[in-house]
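Everything below concerns the one structure shown next.
Labels run A, B and C following the written order; every chain starts at residue 1.
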Amino acid sequence: MSKKILLEKVNIPGIKTYEVYRQNGGYTSVEKALKTLTPDEVVEEVKTSGIRGRGGAGFPMGMKWSFIDKKSGKPRYLVCNADESEPGTFKDRYLMEFIPHLLIEGMITSSYALGANLSYIYIRGEYMWVYKILEKAIAEAKAAGWLGKNILGTGYDLDLYVQIGGGAYICGEETALIESLEGKRGNPRIKPPFPAVSGLWGNPTVVNNVETISAVPWIVNNSGAAYAEIGIGRSTGTKLISASGNIKNPGVYEIEMGLSVYEFMNSDEYLGGMSTDRPLKALVPGGSSVPVLPAHLIYKTANNEDRLMSYESLSDGGFATGSMLGSGGFIVYDDRACIVRNTWNFSRFYHHESCGQCTPCREGTGWMEKILHRIETGTGREEDIDLLLSIQSKIEGNTICPLGDAAAWPVAAAIRHFREEFEYHVRFPEKIKNRDHFVAEPFEKVKHLVSKLTV
Amino acid sequence: MEKSQIKQNINITEALTTRINELISHYPDDKRKSALLPVLHEVQDAHDNWLSIELQDKVAEILHILPVEVYEVVTFYTMFNQRPIGKYMFEFCHTSPCCLNGTENLMDYTCNKLGVKVGEPTADGMFEVRGVECLGACGYAPMMQLGDFYQEHLTEAKIDQLITDCKDNKIILHDK
Amino acid sequence: MKVTIDGQSVEVAPGTTILQAARMIGGEVVPPAMCYYSKLEGSGGKCRCCLVDVTKGSEADPRPMPKLMASCVTGCQDGMEIASKASPRVQEARKSVTEFLLINHPLDCPVCDQAGECDLQNLSFEHGNPKSRFIEEKRTFEPEDIGPNIQLHMNRCILCQRCVQVADQLTDNRVHGVMDRGDHANISTCISKAIDNEFSGNMIDVCPVGALTDKTFRFKSRVWFNKPYNAHRDCDKCCGKTTVWMFGGEIQRVTGRKDVYHEVEEFICNGCRFDHKNVEDWIIEGPREFEKDSVINQNNYTQKLEKVEIATEKLILEGREIDHKKISMSEIDYNEKIDGNLIDSKKNG
């Protein structure tokens, strides 16, 4: 069994309620921080822990905290990003639904560290029942004196509220989230200025993911150094992985960074192997935005080293032969999955979720979706494959926010590793028409039709 | 721009006003506009799940903002409906991880069973089937959202049961 | 602070953006801008036409910036070095953005009132590809009537949002905005409401394309058949300084005075723009100058027009006798080649 930090207590009956959570050591980090540590000492602990943002970008949390503008004297805010919408990711919901007080405890301790007296949790609109759970938990915490004026008699005040979104993936981008929190359209802002200087209502703001904030109580209770001992290299601590697709045990798992992908995939403690006896075909290890890995690059890197569940190992080989840990959305495909259809599906997602503010993303995502749809439905042209590569390269890096990159990478990776499958779609349209998501014939069986080696 | 000409009865009840005022109190006094999204959810839930222009104007009035600021937001987010929708809206997640577990076939099944196409309510206004993007339940696929809740690990038998339960008025859409 | 763009240095004040610095230098280093408008707060950053390559961040931190930066919203740092037109990467990015802007844009310049003063035309001329790679159906929108003065053509819109900023910053009650999202985002009032406040006409002037045009000028004339003059009148609502566009003795339309970057010098009121089309209403100051390569100069009366005479050998337009014979073919032998020699039957098989 690997170390559990976030999900340690999740199976205790009644842990959703304040009483049980408190009886099991809940809110001790607030006591410790407010009574024995200065805000800067809390920030130092978090820096020492080496924890990196769990929302997908992997930016060191302590560094993000240290950027917040304390000199201007403006009010500071902490905003929790609970707008979990990356396809393949459902870990934050699990935390908030089953152990809501952990996030609230993390919010109080973190707000104290940042000197914020007003904080928000921005949750996606579709998680309406989780919103209600959090509202209830906040009311309980407030009734018990953990929120409001003069918390624990230390003179520290904090108000914490949940804000509900309205259905937009883009609001997971921190500046779009802030716009949405201000009651506007979720258009990402142009940076700089960064939220640490000018965020919510123009004031210094830190936006952190649910999982990141939920790790703060443990770090404060056990020290940043203890956290940094867990994991491997610069990937410290534990990570929640949301596993889905053609596997035996889909769900949310807490793993120690550095676990091998092979063990995670096949051990009964985790995914338990494939759900059928079909072979593994591909893996998206970090949510739909990250490059897909073909079977031969999943367990081993291109250098024939074991592939591990860590920021570094998953991105080993760059985009040519690697991928990214991203948000930990682990999607597993067996050989019935059609890569072209999957790529079209992801493209449709980004087309649907583009905010429409900047040109390359607004126009490019729709264009890619239309081409992929044509290829998938049997009216693709040979030149469409290179056209797709060209379009994605024109979007990548040229947009206001990372959604453009997120839309471009999966297309590039799918063509890079599965080009033959695209060619098959173009050359044998009659064979790929009238199918649902699964392939009548796994690609391995028809591969010879497009193989250059056949005469 | 999808607009509905159907007249909507607007009724901002006392309970609703109390809730709206509570939501507004979550923000600094001069930042009333920030309450827009939560207020729209509350108002929509209390008005048959859709927001007519008149109702949006009412929200603008409550929050002291311009009507166009409400229209901009309502049209941006997918959860706000600008026309009457089926009372029981089956919103299937049709993003890839769910599709790997057969969502597309299940949507076809549901549509056939109800005799509708995706995006069209049944003649009696009871049901509607929609495909939506990732709902964050990939490990529990196939799944759909019904009201404020998720229905997960769906099968054809479960769909049949849900339809029966809806007809028997056994399904709670909003937890108020 | 000193910044260098494509090898040309300029001293700028702190807070100056790269685009502003480039405009201070002028000429070819100036990046194209479709959404930035110096007179509108919060404009810029969206169209991505003005991307530049920051090859040196600053004297203090000389690292280059990894991504191309939108020059209109990126502040200058002391010692910053920037590659604009000189960078192939930048040229490629501008080409990309131009292609993206055009894929769904109707190619209806021949019937578009903006033609001749359209920033997208200029951008395409400079960075466009003559052949489109887009074979899908173009996106279209339902037409919307926004009142008697302004014509909205949503299909042509590039969503620069300048018109929304005009309404926000010049008037009290904005009634239009950006609706929907993604590639269906559109400018609309949502309820087909007339946009009729006193300064709404400036939306036409700030629109870089033909999405918002002057209804009172609609289909009256191509802009390059008009003669633009600076004119003014006493106006209690605005500066009263305008450009009047004349055809013969008639004022066809009134606009703000636009500079070389097609930004108006000062915003004008709807009274001046729509309701004063008599020559007597205005004091004409003199011809309005346009940038050298503008098509509007076609009809600029500052150029002396002389009768064109084609100096050439006599009868060249009517043709020589020998050619008449050949063109009519009536007297040509079947075996005679065009040069008059007979075909060598052996040689040609």
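Here, contacts are C-beta pairs under 8 Å (C-beta built on N, C-alpha and C of every residue); 3 or more make two chains touch, one makes a residue touch a chain.
Treat the numbers as computed from the prediction; the structure is a model and nothing was measured.
Visitor: Can you name the chain that lies farthest from subunit A, using the mean of each chain's Cα atoms as its centre?
Guide: Ranked by distance of C-alpha centres from subunit A, the top chain is C.
Visitor: Using CA atoms only, can you tell me which chain is the most central one in this structure?
Guide: Minimum centroid-to-centroid distance belongs to A.
Visitor: With centres defined as the mean C-alpha position, give me the subunit A-subunit B separation in Å.
Guide: About 25 Å separates the centre of subunit A from that of subunit B.
Visitor: I'd like to verify one number: the distance from the centre of subunit A to the centre of subunit C, where each centre is the average of its C-alpha atoms, in whole angstrom.
Guide: 42
Visitor: If you look at subunit A, which of its residues touch at least two other chains?
Guide: 168, 185, 352-353, 355
Visitor: Mark out which residues of subunit B touch at least two other chains, giving numbers and ranges.
Guide: In subunit B, the residues touching two or more other chains are 69, 72, 76.
Visitor: So which bits of subunit C are touching at least two other chains?
Guide: 178, 180-181
Visitor: Can you tell me which positions in subunit B touch subunit C when the two form their complex?
Guide: Going through subunit B, the ones touching subunit C are 1, 3, 53, 66-69, 71-72, 75-76.
Visitor: Going by the contact rule set out above, which residues of subunit C touch subunit A in the complex?
Guide: It comes out as residues 44-49, 51, 67-68, 70, 73, 75, 93, 96-97, 99-101, 103-104, 133-134, 136, 139, 158-159, 178, 180-185.
Visitor: In their shared complex, at which residues does subunit A touch subunit C?
Guide: 168, 185, 190, 192, 351-360, 362-367, 370-371, 374, 387, 390, 394, 397-400
Visitor: If you look only at subunit A, which of its residues touch subunit B in the complex?
Guide: Against subunit B, subunit A makes touches at 84-90, 93, 118, 120, 124-129, 132, 161, 163-169, 180-186, 201, 242-246, 250-252, 288, 329, 331, 333, 337, 341-342, 345-346, 348-349, 352-353, 355, 436-437.
Visitor: In their shared complex, at which residues does subunit B touch subunit A?
Guide: Contact set of subunit B toward subunit A: 26, 28, 31, 33-38, 40-41, 63, 65, 69, 72-73, 76-80, 94-97, 99-105, 133-141, 145, 148-150, 175.
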